[in-house]
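Shared between the two complexes below is subunit A, which pairs with subunit B and subunit C, respectively.
Entry: the complex of A and B
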C-alpha cells in the first residue's frame, strides 16, 4: 500500500490542503515536508530493489474484463527518475518560497508530484497514460495563472502540441493492446506486435514532442518564457525528463529491433536539435529564450546518446539527463530572478550584474560553465561519456557533436559578457537584487550538485550502470 | 603526501584564501604567499628525492563498459614544468603584494591565481589525457576569470571573452583527439600512446590527424597563428596575471603537450607541420612586436614569437632545444613582464611606451634586471636565451625538411627579437623623458616586494646560461650534443650588433630620420599592418560576427520562425478557418437548416440507391 500512497496521497491531498491550510500559511511547509518524505521513500525503494528486474509494489483496481489494473512496479531506471524528481521538487519548492498566491501554487505542486510519481511507477500503459496526462493539469494552471502577459498563445501552443502527441501515444498503446492482448508494459515483447514499425513511430513522435526534439520543439521556448521561473525549472528538470525516460523505456528497451532499424532517425533528429537550437541560442538576445534553446540543444545531445542503443550510450544519456536537470534549472531560476527584478528580458539592457549581486552572478557563471561542458562540472562528464559512446557506436565522425559545445561556449560566454560583466547598465543599477534566503539556498544546492557529481560521478554511475546492466546482460541488446 | 599537497593544496587553498580574504583583505595575500611557497617547497622535495618516474593509478569513474582513469605521472619533464609553475608562481604572488595593493578584490584575485597554478600542476602531472584535459580547461577558465578580473570595465570583459573563445576553439580539438585516441587505442595513458605510436600500432593516417588536432589545441593555448589575438587582448588584465600566463603557466601548456607526446608526433610524422606553422607565427609575432606602442603588447607579441621558437625546436626534431628554450623563456619573460609591471605601477598605470624615456634614474634596479632579461631574450651570450635560440636556429638549418623557408623565417624572427626588445628598453629607460609631468610623478618601487623577485629571476636567467647542457640532458635523458655551424655564430652576432646600432640610431640619436621614414605612405601602411597583427583578429571577428552569428544563426532563426513554427501556426490557422466555415452552417435561419436537412436526406437516399438498397 505504501507505493499507492506515494501517488494518490499528494493527488487527493492537494485540494483539501489548499482549502484548509491557506488561512494558516502552512501549505508550503507541508508541501516541502511531503517532498522530503517522497525523497526518503524513493531512497528506501532503491534499497529494496532486486539485483535485476522489477520490484512489485502491488496491483490495484483490477477489472476482470479489461486490462485496466493499476500495477505498480519499479526497476532501477524508474527509481533513479523518482530520486531525480523528488530532489527537483524540493529544490523547486525552495525556490518558489515567495510566490504570489503561494497556497494555491504549492497545492498544485503537490498534485503534480503525485502524478509524476505515478508516471514513473505504473507499468500499465493505460495508467501510465492517465498519469502522463494528469501532470499536464497542474502544469497548465501553473503556467496559466502565474505566467506572464503572453500566456494565452503559449498555452494554446503547449496544448496543441502535447495533446496531438498524447493522442499518438494513446493510439500506440491501443495498438499494442490489440496486438499483444495486454496493457502491461513488462509483459509486452516486440515479437508479439504485428505492426511494430507503426507503433514505434507513433511512440517516437509522441515522446519526441515532450523531450522536445526538432522539429517539435517550438512549444518549449514560448512555454518557458511565459512560465514563472521555478515552473520553468520544473518543466526542464522533470517534465522533459519524462519524455526522455519514456523514450528510453518504450522506444528503445521495449522495441530494440525497431530502434536498431530506425536508430539513424533518432541520431539525425538529435543532431539537428543540437545544432539548430545551438544556433538559435546564439541568435537570441532574450535571456530566457537563450536558456530555453540551450536546454533543447542539450536534449538533442541526450537523443544522440540514446541513438547508440548501447549500454555505454544509454548510461551517458541518463547521466546527461540528470546533469541537464541540475544545470538548466538554476539558469532558468536566475534568468527569472533577473527579469523579476529588472522587468527586462533583453540582455542588451543588462550588464555589470557582478557589481550588484556577486554571488548570484557567480552561480550564473557556474551553471553556464557547466552547460558548456567545463571539466569539474556535470556537464563535462555528460559530454565526455556521450562523445566516447557515440564514437564507439557510430564512428569517428561523431566528433562533430563537439561543435555543439563550441556553440554553447559562444552563446554562454557572450551572455556572461552582456549580463554579468562590463559597465553597469542603468537598469541593473536601479534594480534591487537582494536575494531571498530560500531562493539562494536552492541555487546553492544546485551549484553543489553540479560540482560534486562533476568531480566525483562514480556513485551516480554505479546506479546508472546497474539500471541498464540487466537489459544488456540478458541478451537482446548488445 | 608531498604529491597530495601539491595537487590539492592549490584548490583547497584557493577556497580558503577567498574565505579568509573576505573576512580580512590582507589575509588573502599572506595565505596565498604561504601556499605558493609551500607548493614550491613541495616541488623541490619531489625534485630532490626523485629517483624514477612517480606513477599513481587512479580510477575516476566507469560508465557502461568503459573506465576513465585520472592518474598521476611525474618524470623529469613534469618536474621542470612544475618548477617553472610553482617557482615563478610564488614570485608572482610575492610581486602582487605591491602591485595589487590598492585593489579592493584581493580575496578574489589570490583565489583565482592559486586556482590557475593548480590547473597547471594538474596538467603537467597528468598520466592520462583525462586529467590533462581537466587541467587544460581549468587554466582556460582561470585565465578567463583573471583577464577579465577588472570586470567592471568593458575592455577587460571583452578580452576575457576572446581569451575563452579562442582557447576553447582549440580545446574542442583536444577533446576530439581524446575521443579518437580512446577509440583507436583503448587507452588514454600518454606513455602508452607514445609507445603504441612508436611501435607502429596506430595507423599513421589516424595518428597524423590526431597529432594535428592536438596541435590545434596547442596553437590556441600557446597563442600561435592564427589563434593568437587573445594573447594580445589579454594584456587588459593585471600585469601580474600576464606574467603568470606568459611565464609560469598557460602558454607553456601547448608546448608541454607536444613535448609530452613527442614520440607520438615523431611517429605521426607531424613535426614538420608544427615547425611550419610555428615559423610563420614566429615571424608574425616578431614583426608585429616591432611597432607596438604599448609596453605589454610588445611583450605579448614577443611571447608569441618565442613560443614559436620553442615549437620550431620541437618541430625540427629536437626535444632538448624546444624544452630548454621554453624554460629559459619562462624565466626571462616572467622577469620582463613583472619588470614592465613595476614600470607601469610607478608610472601610475601608464602603458604607452612613447610617454616614457629616461626612467633609468628612478627605476635603476628594475632597468638593470629588465636589461638582463632583454639581453637573454635577444640571445646574447652567455645568458640563457643565447644557447637555446642558437640551438634552434642551427637545428632548423641542419634538418633537411625545414632548411629553407622555415629556417629563414626562424632566423628573421630570432634577429628581430633584439630589435623590438632593444626598442622597448631604450624607449623606457634611456634618453630624456618625453613626458616631463609623468616622469616627475614616478616613484621608486619597494626593494623587497618588487625588486627582490625581479632580482631572483635575473639571477636565474644568468645562472641558467651555464646549465644548458645539464638541463637538456635532464629533460631528454640522453647525452646532449651541441651543434654549431662554424661560421654561424659570428655572422649572427655581427647582424645583431648591426641591428642594435640601428635601434640606437633611430630611437635615441637621430629621431628625425625615423619620423621622416615613418611618414612615407608605404611605411605607414606597413606600420598599420604590423600594428594590427596582420589583421588576423579582424578577419576572425568578421567570420564569427558576420558569418556565424550574422548569417548562419540568422538564417536558422528565420527558419525557426517562418518554417518550423510557421507550420504550427498554419495548422492553428487552418483549423480555425475550418471551424469558422463549419460554424456558418450552424446559423439560426430556418431556411438554411431546412435546406441542409433536404440536402442530407437527398445524399442518404442517393447513397442508398447507388449501393443498390
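Entry: the complex of A and C
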C-alpha cells in the first residue's frame, strides 16, 4: 500500500494544494517535504531489492478481463530512476523557491512527482502509459504559464508532439496484448509476438520523440528555451530520462532480437543527434538554446551507448543519463538566472560575468567543463565508458564520437569566452547578480554531485552494473 | 413501479407544480426511486421490453446525469422535458423488438424537438429549425427502411432477424436515418449549427444524454445485423467512422465559438463510437460502446452545462471570452479543464479508458491501421482541447468579458458529473465485469 501512496498521494494532493495553497502559503514546504520523503522511500526500496528480478509492491485496481492491473514492481533499474527523480525534484524545488504563483507551481510539481513515480514503478503496460501521459499535464502548464514570451507556442507544441508519439506507444502496447494476452511487461517475451518488428518500430519512434533523438527532437529546443529554468532542468533531468529508460527497458531488454536487427538505426540516429545538435549548439548565440542543443547532443551519446546492446554499453548509458541530469540542469538554471537578471539571452550581450558573479561563473564553468568531459567530473566518466563500450561493440571507427566531445568543447569554451570572461559588457555591469540562497544551494549541490561522482564513480557504477547483471547473466541479452 | 413509469408519471405530475424548489425536490426524489427500481430490475410493464445488468448500469448513469441536469436547470419546463426524455431513453434502452426500438427512438427524437422549441432568440430558432428539418428527413428514412425490412416478411415484435437483399437495403436505409441523428458525416451538417445555436443547457441534454442513449440503443438493436453482414458493412462503417472523426476534429480546430468546438467534438466522438460497430466481432465491442457512452454522457453534459453558466444561457461564448478564466474563477476553470482533458483522452479520466477499450476492440478484429488512424485523430483533437485550456490559463483575462459563474446548485451538478468522469476513469471493472 505504501508504494501506492508514493504515486497517488502526490497526484491527489496537488488539487487541494492548488485550490487552498494561497490561503496558507506552505505549499512549497509541503512539496519539498514530500520530495525528501520520496527520496527516503526510494532509498528504502533499494535496500529491499532482491539480488535479481523484481520486488513486488502489490497489485491494485484489477480488471482481469482486460489484464488492466496496477502492478507495482521495481527492479534495480527502476529504483535508480526513482532515486535520480527524487534528487532532481528536491534540487528543482530548491531552485524554484522564489517562483511567482508558487502555490500553483509547486502543486504542479507535486502532481508531476506522483506521475513520474508511477512511470518507473508500474509494470503493466497500460498503467505505465497512463502515468507516462500524466507527466505531460503538469509540464504543459509549467511551460505555458511560467514560461517566457513564446511559452504558449512551445507548450502546445510540446504537448502535441509528445502526445502523438504516445499514440504510437499505445498502439504498440495494444498489439502486444493482442499477441501475447498480457499487459504485464515482466511476462512479455519477444517470442510471444507475431509482429515484433512493427511493435519495435512503434515503440522506438515513440520513445525516441521523448528522448529526443534526431529527427524527432524539434519540440525540445522550443520547450527548453521558453520554459522557466527549473522546468528546463526538470525536462532535461527527468523527462528525457523517462524516454531513455523506456528505450532501454522495452526497446532493448524486452526485444533483444529486434534490437540486434535494428541496432544500426539506434546507432545512426544517435550519431546524427550527437553531431547535428553539436553543430547547432556551436552555431547558437542564444545561451539557453545552446544548452538545449548540448542536451540533445548528449542524449545522442546515450543512444549510441544503448545501440551497443552490451552490458558495458547499457551501464555507460545509464551513467551518462544520470551525469547528464546533474550536469545540464545547473547550466539551464544559470542561463535562466542570467536572463532573469539581464533580460537578454544573447551571449553577445554578455561578457565579464566572472568579475560580477564569481561563484555563479565558477559553477557555470564547472558544469560546462563536465559537459565536455573534463576528467574528474561525471561527464568524463560517462563519455570515456561510452567510448570504450562502443569501440568494443562497433569497432575502432567509433572513435569519431570524440569529435562530438570536441564540438562540445568548442561551443562550451566559446560560451565561456562570451559570457564568463572577456571584457565586462554594460548589461552585465548594470545587472544585479545577487542570488537567493536556496537557488544557490541547489546549484552548489549539483556541482558537488558532478565532482563526487566524477572522482568516485564506483558506488554508482556498482548500482548500475547490478541493474543489468541479471539480463546478461547468461552471457548476453535473452 | 418501473423506472419508466416513475419518470413518466413524475413528468406528467410536474406540469402541476409551479415552485421550482418543490419541483426539483420532487424530481430528485423520483430519480432516486427510479434508481432503486432500476437496481431491482423492476420490469417496464409492457411486452418486448427487458433489461440486463449492463442496461441497468447505463440507466443508473443516466439517472445520475439527469439529477445533475435538474439541479442545474432554471426553468420548470426544461425539467419536465428532461423527465420525458429520461422516460423515452429508458424505453429505448430496454426495447427488445424491432417495433419497440423504432417507437422509442422516434419518441426520443420528438421530445428532443420539443425541448429545443423553447426558443429565446433568433439563433436558437435557426438551430431548432435545422434540427427539426434534418430530424424529419431522418424519420422518413427510418420509416422507409422499416418498410423494406417488413417487405421481407419479418416479425415486428421480435429482435432483428437474418435478412436478405431487401432487408439489408432496408436496414441500411434505416441506419442512414439513424446516422443523421447520431451526426455521422455526411449526415452531420445540422448538428454543428444546432448544438452551437440552441441554448447550451439544451445542447447538454441533446448532445450528451440523447446521443449516448441513442448510440447504445442502436448498437444493441443492430448487433445481429452487424454480425451477420460484417464483411459487407465493414468497409462502409470504417470509412464513415474515419471520415466522421477526422472531419469533426479538423473543423473543431478552426472554430472560435466554444459551443461550435464542442459541437464538432461531438461529431468526432460519433466517429469514435461508430468504431464499436466496426469492431462488432470483438468481445470488447459491447464494453467499448457502453464505456464510451457512459464517459461521453458525463463529459459532454458537464461541458455544455458549464458553457450555459458561463454564457448565462447564451451560446455565443467565444475563446476570447474564456481568456484568463483560470485567475478569475478557479473552480469553473478547473472543471472546464478536467472535462476537456477527459474528452481529449487524458488518463485517469473516463475519456481515456473508454477510448482505449474502443481502440483495442479495433485492434482485436485485426484493423491496426484503423486503430492508428483513430489514435492520431485523438491526438489531433488534443490540439483544440489544449487550445481552450490555453485560453483559460495562459492568457491574460479579457477586459470586456463578463462570464457568469456557478451557483451552489450548478456547482453540485458539476460535482456529480465530475465524480462520474473520475470514477469511470479509475474503476474500469464496473463496466468490464458486465461483459467480458
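Worth pointing out:
Assume the second predicted complex is superposed on the first by the 473 of 478 C-alpha atoms of A that agree within 3 Å, B and C clash if a C-alpha of one lies under 4 Å from a C-alpha of the other, contacts with A are read in each partner's own complex, and residues count from 1 in each chain.
The definition used in the following text is that contacts are C-beta pairs under 8 Å (C-beta built on N, C-alpha and C of every residue); 3 or more make two chains touch, one makes a residue touch a chain.
As the structure is a prediction and not an experimental result, all values here were calculated from the model.
After overlaying the two complexes on the shared chain, residue contacts for A:315 are found with subunit B alone; subunit C is out of touch.
Within the superposed three-chain arrangement, the count of touched residues of subunit A is higher for B, of the candidates subunit B and subunit C.
Shared-chain residue A:406: touches subunit B; no touch with subunit C. In the superposed model, A:381 makes contact with subunit B only, not with subunit C. Of the two partner chains placed by the overlay, subunit B and subunit C both lie in contact with A:160. In the overlay built on the shared chain, the residue A:152 is in contact with subunit C alone; subunit B does not reach it. By the document's definition of touching, of the two partners only subunit C reaches A:126; subunit B does not. When the two complexes are overlaid on their common chain A, residue A:61 makes contact with subunit C while staying clear of subunit B.
In the superposition on chain A, A:174 contacts subunit C only, with no contact to subunit B. Across the superposed pair, subunit B and subunit C both touch subunit A at residues 156, 160. Residues 60-66, 68, 130, 133-134, 137-138, 141, 144, 148, 151-154, 157-158, 160-161, 164-165, 168-169, 172, 175-176, 178-180, 182-183, 544, 548-549, 552-554, 556-557, 559-560, 564-565, 567-568, 571-572 of subunit B are the ones that touch subunit A when the two sit in their complex. Contact residues of subunit C toward subunit A in the complex are 284, 330-331, 334, 341, 346-348, 352, 356-357, 359-360, 363-364, 368, 371-372, 375-376, 378-379, 382-383, 386-387, 389-390, 393-395, 426-429, 432-433, 435-436. Note for the complex: subunit A touches subunit B at residues 156-157, 160-161, 214-215, 217-219, 276, 279-280, 282-283, 310-316, 319, 352, 354-355, 369, 372, 374-376, 380-381, 383-385, 387-389, 391-392, 396, 398-399, 402-403, 405-406, 409-410, 413-414, 416-417, 420-424, 456-458, 461, 464-465, 468. By the touch criterion stated above, subunit A contacts subunit C in their complex at residues 11, 15, 18-19, 61-63, 65-66, 68, 126, 129-131, 133-134, 136-137, 140-141, 144-145, 151-152, 155-156, 159-160, 163-164, 166-168, 170-171, 174-175, 177-178, 198.
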